[in-house]
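Chains here go by letter, A, B and C, matching the order in which they are written, and residues are numbered from 1 within each.
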Amino acid sequence: MGSIRLEGVQKSFGDVHVIPNVDLDIADGEFVVFVGPSGCGKSTLLRLIAGLEDVSAGRVIIDGENATETPPAKRRLSMVFQSYALYPHMSVYNNIAFPLKMSGEEKDAIDQKVQAAAKTLNLTDYLDRKPRQLSGGQRQRVAIGRAIVRQPVAFLFDEPLSNLDAALRVNMRLEISELHHQLKTTMVYVTHDQVEAMTMADKIVVLQAGNVEQVGSPLELYHHPRNLFVAGFIGSPKMNFLGGKIAAAHKCHTIGVRPEHVGIDKTKGDWQGTVGVAEHLGADTFLHVKAESGETLTVRVDGEMDVDHGDKVFLTPEPAKIHRFDTNGLTLQG
Amino acid sequence: MATAHTRTLSRFMMSPAVLLLFLWMIVPLSMTLFFSFQRYNLLHPERQRFGGFFNYSFFVTDPAFFAAISNTLILVGGVLAITIIGGILLALLLDQPIFGQGIVRILFISPFFVMPTVSALVWKNMLMNPVFGIFANMSMGLGLKPIDWLADFPLLSIVIIVAWQWLPFATLILLTALQSLDEEQKEASEMDGANFANRFVFIVLPHLARAITVVILIETIFLLSVFAEILVTTNGGPGVQSTNLTFLIYGRALLNFDIGGASAGGVIAIILANIVAIFLMRMIGRNLEA
Amino acid sequence: MARAIPLRRKIGFTALAWLIGLLIFFPIFWTILTSFKSEGDAIASPPLLFFNFTLENYAEVQSRSDYLKHFMNSVVICGGSTILALIIAVPAAWSMAFSPTKRTKDILMWMLSTKMLPPVGVLVPIYLLFRNWGLLDTQFGLTIVLMLINLPIIVWMLYTYFREIPADILEACRMDGAVLWKEIVYILLPMAVPGIASTLLLNVILAWNEAFWTLNLTAAKAAPLTAFIASYSSPEGLFWAKLSAASTMAIAPILVLGWFSQRQLVRGLTFGAVK
């Protein structure tokens, strides 16, 4: 029901080719996350699906029908904006009811649906208030309420949690995931935060400079990144990259190994290094170690480790977890 | 934000405004230009004929023309001086903590909203009249001979009246600009040891420079066209002592019915205004980027 | 400022500000005062601050049918030109604010530049055209002129107010299924009402006080208050008290409106060059 397909989609603003070419398939019911650094085109891609921007070339197919020329109002999609975009002069009730009013539904049907949505999102007590009287999290929920009440073919989220504080963000992440399980509707979610991507997605689309670098499930991207960019983008803290003699010893241009896959010992190991800054988070410790070869590596240690700034340590990467990259940054197999 | 289907619609929605203003500009302007090269008087319309630069040379060699130009410059210059300096001082004053700020502001800005004909007549009769006016009464009270303002100092009187009307405008603009000055900048300079005079010269004045320029440009454009005040008080007189360029052209057109001459004068007025407008447009353009 | 302002300083500035304020306001004050005097009292020397309060001047001005006629002329011309300008300006400002193109800024600046044309430069052709088309001394003719001279400011002000409406709210309503006219009626206009009201206010003030075209294109029939008052410039007999009454009635509405429109004035008349 809620399948979306992008065929050869391109977008240029004047001379700037924001999206050179994208082919993408989104199955019905999937939670797909577009992720990438600022300016990679993820929001533009979302807006092309929504119809808020015209494609420069290519087709947007929603539910098997070519929707490329269809105006946004007729695409039966719902969008949650980063700034929530609530109507300031209307009450919460009217905000949520607005899409139903636009499609010409009966007053009773509208009331039923608004009340149902409000109940799902814990907004029943706030229906009479105006947006300016609500907190950030509440406004967020009103925006979501307005989106779900239409029973759209798919939901589009444009960095919806960016404006919330850290604690609230974690809560809302869970709520949105829970919503997806409940409604089973396709959701396309844009974020620059790879933690959100990893925790919420069925499928992640990693974008850079308008190009799709890789599409896959979170763990697929984690274990088998196709290139240097994806390897460095997914996973926090970032994967360690080493070149020079060490990479040559592994017969490639660059090797990469994640902080959690590097063993550390005070007396023996493959590489020698000096401890720099240590970040103690309680459950983990992250050590920044300056290796003899010159690079600084991040190493994750389970629990606590008794080292001081300037101590000499030895690092050993897990052989099975070393990623090898060629001169173009592509992953070498084998 | 714009998609194809909103774009054609938007072009359609802009067209009435653009079209109307375009016609409003082009038609009269080209007519003025045309008539300026014609010898045409409404009292003898049958004698209309091409005149080349006759009107221009006649206009420019008319002694009234130079009087009008110099009067215009004095009028604009005088009002600018009074309103800018006065405006800065009043803005500084209003920026201070005062009891009843709201009411004081209302008192300061009221003259701008009085229609020019009323202002002029009130000043002419009730203040400046040499027999019954307030100024006359004050002079007599001090034992001095009352001044016949409008007869003896016509241009100065007009300057005073117009400056009274425009002072609120300058004050309001400069006050707005003043209040947009970051409080922290002033505090930082105080920490650096600057006293009030220093702060004024090095921090406040440069910040106001932009607003002052805008006020000068906008006032100049409107002051070049001062008309009603002159019509209602001195009628340009005595002689041409208080005639500005606008009034001169008006007389030529609607009193002498000299269409050709008035049009030539009109072209000159437009050129003058354009010079100022170019500078103003550049300032606005810079701001539209923001 | 968190520092305590010395009370002495505050009182000093207050006194100075009030003094200057009263001086500036004095001519207006004196006019209003004189309107309640008899003609004899009005020209009394030394000028009277206390006198026998009378409403006879107001009664006489109002009973003169021509005062009412001129007042209505002002109302019709101001209202008409404002409404007409609004109808033309709202779509133009909408398209410039929400569908800007590379030329939008240039078009806007060009519109503003038309306001900088000295009216005397086009006095001759406009006068001739109006004469030939029978528009001289008509409410209609003057309404059109005033609409045209204020149109740039109205478009400009509406443009700035529309731009302040967040774009994503309009996008949201499009996603919610609103076609264009519904977007304008349900979302844009309600949110822009304060801005539109401010623009109306400023335009009414500017049109009411306009004193070039109203003086030159009208005679007895369509003359608004500006021209009517101007006819008092060389009257006969004692007239100051009546002039004061007529003037007070002519300026009172605009004075009140003006007090409420200070911010709009700055926005509208500096074309945004001062924030």
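Operating definition for what follows: a contact is a pair of C-beta atoms (placed from the backbone, for glycine too) under 8 Å apart; a residue touches a chain by one contact, two chains touch by 3 or more.
Since we're looking at a predicted model, the values are computed, not measured.
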What is the minimum number of touch steps required to go from chain B to chain C? 1
Greatest Cα-centroid separation from chain A: which chain? B
Comparing chain centres built from Cα atoms against the global Cα centre, which chain wins on proximity? C
In whole angstrom, the CA-centroid distance of chain B from chain C equals 16
Please tell me the distance, in whole Å, between the geometric centres of chain A and chain C computed from their C-alpha atoms. 54
Here the gap between chain A and chain B, centre to centre from mean Cα coordinates and rounded to Å, is 59
Residues of chain B that touch two or more other chains sit at 1
Mark out which residues of chain A touch at least two other chains, giving numbers and ranges. 52, 71
For chain C, write out the residues touching at least two other chains, lowest number first. 171
Show me the residue ranges of chain C that touch chain B in the complex, using the header's touch definition. 1, 5, 9-11, 13-14, 16-18, 20-22, 24-25, 27-28, 30-31, 34, 43, 45-47, 88-89, 91-92, 94-96, 98-101, 105, 107-114, 116-129, 148, 151-152, 155, 167, 171, 180, 205, 208-209, 211-212, 215-216, 225-227, 229-230, 232-233, 240, 243-244, 247, 250-251, 254-255, 257-259, 262, 265-266, 269-275
Help me check something: in the complex, which residues belonging to chain A touch chain C? 50, 52, 71-74, 77-79, 81-83, 85-89, 98-99, 102-103, 146, 150
Chain C-touching residues of chain B, taken from the complex the two chains share: 1-2, 6-7, 9-11, 13-14, 16-18, 20-21, 24-25, 27-29, 31-32, 35, 90, 93-94, 96-100, 103-127, 131-132, 134, 137, 140-141, 164, 167-169, 172-173, 176-177, 180, 183, 210-211, 214-215, 218, 221, 224-225, 227-228, 231-233, 245-246, 249-250, 253-254, 259, 262-263, 265-267, 269-270, 272-274, 276-277, 280-281, 283-285, 287-288
Okay, in this complex, where on chain C does chain A touch? 166, 168-169, 171-179, 182, 186-187, 190-191
